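Consider the two complexes below, in which chain A is the common component and chain B and chain C are the respective partners.
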Partner chain A sequence: MIETIAQYPILAALIALVGLGILFGALLGFAAEKFKVEGDPIVEQIDELLPQTQCGQCGFPGCRPYAESIAKGDAINKCPPGGQATINAIANLLDVPAPELDAEHGEEADVKTVAYIREDECIGCTKCIQACPVDAILGAAKLMHTVIADECTGCDLCVEPCPVDCIDMLPVEETIKEWHWPAPPTTADLIASDLRPQL
Partner chain B sequence: MKTWVTPGGVHPPENKHQSLTLPIGSLPLPEKLLITLSQHIGTPAKPCVELGSSVLKGQKIAEAAGPVSVPMHAPTSGTISAIEHRPIAHSSGMLAPCIEITSDGRDQWQAHQGIEDYKNASASTLLQAIAEAGIAGMGGAGFPSAVKLNPGSERPIHTLIVNATECEPYITADDSAIRERAAEIIEGIGILSQILGHPDNILIGIEDNKPEAIAALEPHTQDSGVSVVSFPTKYPSGGEKQLIYILTGQEIPSGGLPADIGMVCVNIGTTYAIKRAIVEGEPLISRVTTMTGEACGINRNYETLIGTMVSHMLEHSQFNQDRCSRLVMGGPMMGFSLTSAEVPIVKTTNCILAPSYDEIPDDEPAQPCIRCGLCAEACPVSLLPQQLFWYSQAEDHERLEAHNLFDCIECGACSYVCPSNIPLVQYYRHSKGEIQKARVEKVKSDHARQRFEFHQQRMEQAERDKEAKRAARREAAEKAKTAKSGSEDKSGAGSAADIIAAAQARAAARKVSPEQQQAKFERSIAGAEMRLQMAEEKLAEADDSQTDEQKNILVAAAEAARQKLEQARGRLAEHLKERNGEQVD
Partner chain C sequence: MGHLSTDAQAMQEFAVILVSSILINNFVLVQFLGLCPFMGVSTKLESAIGMSAATTFVLTLTAMASYVVDVLVLMPMGLIYLRTIAFILVIAAVVQFTKMFIEKSSPLLYRVLGVFLPLITTNCAVLGVALQNASKDLNFMQSSLYGFGAGAGFSLVLIFFSAMRERLAVADIPAPFEGAAIAMITAGLMSLAFMGFSGLV
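And then the complex of A and B:
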């Protein structure tokens, strides 16, 4: 046997390569079974980046379905609440160019809003409660409803179903605690004295 | 004593002599004082006075709200003339809750006294007194002192560091306070040492550009266990982490506190306030503030009441509006420009700077970064400011954090040395704010996702329950139907005989026993007898006064009753005969 192999070096090489192939093939097969990942991890990652407003402006019933759709190759610029920042983040994750927000799905809001129920006018129909995707509206049939402002994502899904139009989307006012420094102005085309603060 | 040298740092012109020519002065009592409810790190204080009520100097006007908060006290006697949102000294220029006191001009103290025999008082008593006096760190950050001085038993303190560095140009508040109040400061340090359980080392860190202050401290520290350590002047040596490194050579871990390595660092102005609070029982209602800059005719330090308007200070310092390039609260390196002079002094205000255009000219327009690396050399925390600048512009939060943006102390050394005049610190402050905002939003969006998932689950559960109920109802209906049709099938198969048998069974079930029947008859006989008796009685009673017709009715009634009795008797007799017959059979 050894003599035959010594006689035909090509045979030795063949046996060695085939042997290695089988060995690594088995190893890979084992690893694939052992470390199998349940679900699609990319969906989780995209879902992490979406703003979780659950507003449905993208045309999907919630953020996760949209994340699943993006993972399948859907456009990444359908999320107005997330805006450009979210598009950039997803583009960065998926390593694709970042497009502009698709205007068809809405515009990026400048200020965050939350729903507010004018309680005097509420008739207690519970329609908004059923519409709220994050259970942020409190109330019962024929009793006044109110929005838990902290839980409201500002999706405005409750505005449409209200039969008496008593829900307003009010901008969230910035408090001194939330304030942070603005970005320095780009001063390329300014002269120094224009920056003088007015006392 | 050995000192260590921090990396980086700059040497800006000191400009401290201007405000040191005169001793600490005092301003005329302002007509109105505005006390901001949030002068410290932590929860804003809660007002505890009514609008229009009169208060005495030193009286508490706002309570501490929560453990990390400090109360506020009236800086003078007068009436509460407003409790509302007012502009405060904040870079946002936003409004914040304030209490306004209109002075009555008498400046009358409320009765107060210090802790008797404080040298034997317990640490908790002293901490309580410090908290009640509303003392927050007076070096700049305004962290409640009682919280800082109580690091807990799991973090024993071996070193107390008193920060008298005052490294920022122009500011001389601590310097002048040491020169004039050294004895009281040392007494205050003694109280701190007592609270912290007499740490092994008590160090006063001071830059060597304050020889008078060092000389003033010397006689008092002779045998008090306190050592005054002077070290070469460099900006920024006065940062807590920098000073600890200079004095001990130890670094505080990123994101950690001095207490984590067994140290506490206190500003020297705070020690004076603590002494006043413990020994005299005076709350923190005034502080030394430097009023300086070429736009002011008088440059000096004032013992300023908290709540004094900046405009009031300027008014009494020969302020020249036209010469002033900007108004800065704090120093030229770390201070911030005020948008208005109608804002009050707070517990952390160590300096009001009114520079001329020559001193602090307008910002030059920023030029592109040339990557000269001067900023990296100047950074006292050994960061890479030029890289942070790029990432800040690109809003690359991940890389900013990877480059330790949050270790930046915002000292401004990088901006100071930048040949392209790039406002680097502004970029970092902005990015820090953005990252913090993103963190808050992340927490919120995670919360929203959780709620949404719960909502989905609930809806699905409700749908399942509904479906289950529907299925149960359908099944029940099906069962009832089969049961019914099954019984129909049976009756169809049976004969007429069955029906008769069933009817007989029903009749048998209805049939009463003969005894019961007899009893029934007997009862009806008794009833008939009674009725007959009554009718006969009535007939007997009837006299001539009654008409024949009436008599006839009564006779007929009696007759009918008699007949009914006869019938009943007949039925009973028949029944008895039947029964006897059955028995015979």
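And then the complex of A and C:
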């Protein structure tokens, strides 16, 4: 059969190339089905790096929507709670240069804070409960509210809605369990040849 | 070549093919094929390693697939003049397959390699391997080894080169030579060094 086809070169060429095309097309179709990617795995990895305060300071309703936006190419410097450390980690993950924190979205807090409700002033309006992104405030209407300190991410979102201004952001006190040695100075002397001259 | 009486002879022949494709006829530095990813993906060691693995995979698979297509389809039908276009078809399919495979198995590598992954299709080293295999009349085993050797040689120089570029990025380089210029000079010196391997076998 091959000999008969080979007598008509143009027909042979057509059959060979079209046949190959169909064969590879079928193989690729099968591979596409087999190696189908569910969702976008890169979003998961970005989401893990974000601080999960769900504070919304980036302009998105939470950390995961922001992670999805980053995966689509949004700027990575909109997360004040994470600060420069988070920006650097995401930049490293995505292999892009690390920008400074965007001041438009807030400043990086120096110390970790936690919300504290002065309970004798609380009127029980539940406005802070609705504002809390991580559901760390307990209480009911006309009853005193209180903050679960372990759950509070220190995002400041409950301070603004409080009509009697009874919420304070207090620095988390350092206990013997959380204390650690201060990091060594970052400007350690490198090998002379590794230093780029500062222009 | 061809008449193999013992395993030892076969092994020796395979070793010769490997050494010659990795060092003596190195695809990048001696034959100057595949220079685009050599310059493009060599700024970071990690992505260079990923690119090396992907390209080696594609080269080996392409060498095998193009041999099969050449022997089973093109030769019996007298279509040897269609080798180039048929091999390009093979390469495109293999690269697309690799792309799907990497997207599934390592999304991070997929993102890091970015546009260079589909661009393996137009990497002339890949078509070079397929065409050289066909013109040298190598058998199936020799073809695959030649493809793998080409990939290993490509990986070797790409990883060396990216390691050097990482050092160069922080080194004190005169302003006119910064960036691509010093990289070109480095590549030239590496190429000179690899010319020294000629006559090894």
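Heads up, the rule we're going with is that the second predicted complex is superposed on the first by the 155 of 199 C-alpha atoms of A that agree within 3 Å, B and C clash if a C-alpha of one lies under 4 Å from a C-alpha of the other, contacts with A are read in each partner's own complex, and residues count from 1 in each chain.
The criterion applied here is as follows: a contact is a pair of C-beta atoms (placed from the backbone, for glycine too) under 8 Å apart; a residue touches a chain by one contact, two chains touch by 3 or more.
As the structure is a prediction and not an experimental result, all values here were calculated from the model.
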- Message: Looking at A:31 after the superposition, I want to know if it touches chain B, chain C, both of them or none. Which is it: first, second, both, neither?
- Response: second
- Query: Is A:172 contacted by the first partner chain B, the second partner chain C, both or neither?
  - Reply: neither
- Task: Once the structures are superposed on A, label A:140 by its partner contacts, choosing first (chain B), second (chain C), both or neither.
- Result: neither
- Item | Which superposed partner A:20 touches (first chain B, second chain C, both, neither) | second
- Between chain B (first) and chain C (second), which, if any, makes contact with A:62: first, second, both or neither? first
- Query: Is A:6 in contact with chain B, with chain C, with both, or with neither (first, second, both, neither)?
  - Reply: second
- So, A:111: does it touch chain B (first), chain C (second), both, or neither? neither
- Task: Report, in rising order, the residues of chain A that make contact with chain B in one complex and with chain C in the other.
- Result: 193, 195-197
- Write out the stretch or stretches of chain B touching chain A in their complex. 38, 90-92, 94-96, 321, 324-327, 337, 339-341, 361-366, 395, 423, 426-427, 429-430, 432-434, 436-437, 441, 445-449, 451-452, 454-456, 458
- In their shared complex, chain A is touched by residues of chain C numbered 44, 47, 69, 73-74, 76-79, 82, 85-86, 89-90, 92-93, 96-97, 100-101, 103-104, 107-108, 111-112, 170-172
- Message: Using the touch definition from the top, list the residues of chain A that touch chain B in their complex.
- Response: 47, 50-54, 62-64, 85, 132-136, 151, 153, 174-176, 178-184, 187-188, 190-193, 195-197, 199
- Query: Which of the residues in chain A come into contact with chain C in the complex?
  - Reply: 2, 5-6, 9, 12-13, 15-17, 19-21, 24, 27-28, 31-32, 35-37, 40-42, 45, 93-95, 193-197
